[in-house]
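Chain nomenclature is as follows: A, B, C and D, assigned in order of appearance, with residue numbering initiated at 1 for each chain independently.
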Amino acid sequence: MREEFSWPVRVYWEDTDAGGIVFYANYLRYFERARTEWLRAMGLEQSALRESSGGIFVVSEANLRYHQPARLDDELIVTVLPLEIGRASLTIQQQAWRKGRSGNALLCAAQVRVGWVDAGSYRPARMPPTILELLK
Amino acid sequence: MREEFSWPVRVYWEDTDAGGIVFYANYLRYFERARTEWLRAMGLEQSALRESSGGIFVVSEANLRYHQPARLDDELIVTVLPLEIGRASLTIQQQAWRKGRSGNALLCAAQVRVGWVDAGSYRPARMPPTILELLK
Amino acid sequence: MREEFSWPVRVYWEDTDAGGIVFYANYLRYFERARTEWLRAMGLEQSALRESSGGIFVVSEANLRYHQPARLDDELIVTVLPLEIGRASLTIQQQAWRKGRSGNALLCAAQVRVGWVDAGSYRPARMPPTILELLK
Amino acid sequence: MREEFSWPVRVYWEDTDAGGIVFYANYLRYFERARTEWLRAMGLEQSALRESSGGIFVVSEANLRYHQPARLDDELIVTVLPLEIGRASLTIQQQAWRKGRSGNALLCAAQVRVGWVDAGSYRPARMPPTILELLK
């Protein structure tokens, strides 16, 4: 699963701000949705993982570059590309693109680091081997 | 278009709160997405409508009843059923259901009143005839 | 504590939408903040209540009327007035006003019903007597 | 105004997620509130600036490190420290701390780059001299 995964996102009123564009914090929500669907496409559902293993993924770093704004009704494509897969964390490259007739435009690019932690204590933990195998 | 329209919604981390369930204000977001897609299914895109007519839809009333909570990873079905279509406003019945193997469960039911206003002054205005014809 | 309680709220970019106004779902957030601070003013902190009693408040009904829009940088006053206090639920009247030099303007009025439930099962439960006494 | 500015933020239900902690995207909201209040403390109100100059600030980069989670009812202190002030953009260091009896704990640290753009075209522009003077 080291290929790029894509997930469509539509821009609704809830996503926009008084500048007429998508509020920049919302790209983190879009990236999260895409990561969740990327995991689900591998058969990993986070609520089930939590119940079976007692662990959850948490974001430990996010580095975002904003290139162009998105607007109401825009159709976006959000991508997930794992760059590094360790025993306790993943580094993932993510992008949000606006679909257009004359090609897609890059709106926001991010590098997100996600760690595996105990769901009670939030202390770093080793990912269950089943997850690691699927990711590798 | 007086039949019921349905739109699927998935519950992500962004939607939940520390009670482990979907934060109740977020049903208004889900209902908005479903209304937007209901309009789009009729060929009405709100950003284009605003540019061509200078008007937008705004919510003037919302009455919500919460029945059961939704949780992370739940698949919901959100419905739109117009109850009354006037010259300046619509009354719409909306419901959010959780899809389940043994049938769907009603989570939240709402009646939402949406008015048509001038996008600059926010004063009530008459809907463009093209919208009215599509809605009726 | 049957008098009206007030809590100030400032409108930030995060609160607005592409209509240039506060996204209507956000009044539920403002009302929640005011209810939380109303409880805190009585010495009730919800996270502590949950740990000591195993119960939490959940919204079971919300009826909202939108009168005027709020905009970026507006200063709002959000009120809490308990109308009915039962053993398992409260009915609360809430309003959001915009502060202005020539008087305040009513933006949104709501009636919110809040029930007490077990934090695990979300089943209705009787409020701990300490809460009831403080509320009455 | 090159000193550190601080702004208090309280954690409400709306801020949390099903992990029982503040949803990580919300730190961008907290940082935005603090920057807005930092500008306001200098006499700069963004809605008035936009009307008078036709320009707005937009975030062009955000680099976030998450250290510890915040929980419901926590009291946070959010800081603003300008690192670089250019003609078209600012680089700002921001931190969110949890207030505690035995000292404060760093929850999230960020470096945020904010550019000045034309509010219509979103093209980079030079900041009005009045802003630059206040910032320097």
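Definition applied: contacts are C-beta pairs under 8 Å (C-beta built on N, C-alpha and C of every residue); 3 or more make two chains touch, one makes a residue touch a chain.
Since the structure is predicted, the reported quantities are computational estimates derived from the model, not experimental observations.
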Subunit D and subunit C - chains in contact with each: A, B
Over-half contact-pair match to A-D, picked out of the listed pairs B-C, A-C or C-D: B-C
Chain located farthest away, centre of subunit B as origin (C-alpha): D
Centroid distance [mean C-alpha coordinates] between subunit C and subunit B, Å: 23
Inter-centroid spacing, subunit D versus subunit B (mean Cα positions, whole Å): 32
Subunit A and subunit B, separation of their C-alpha mean positions in angstrom: 26
Contacts with two or more other chains, residues of subunit B listed in rising order: 13-14, 19, 21, 25, 29, 32, 71-72
Subunit D partner contacts - residues on subunit B that touch it in the complex: 13-14, 16-21, 23, 25, 71-72
Interfacial residue positions of subunit A with respect to subunit D in the complex: 19, 21, 24-26, 28-29, 32, 56, 58-66, 68-69, 119, 122
Subunit C-touching residues of subunit D, taken from the complex the two chains share: 10, 12-14, 29, 32-33, 36, 45-48, 71-73
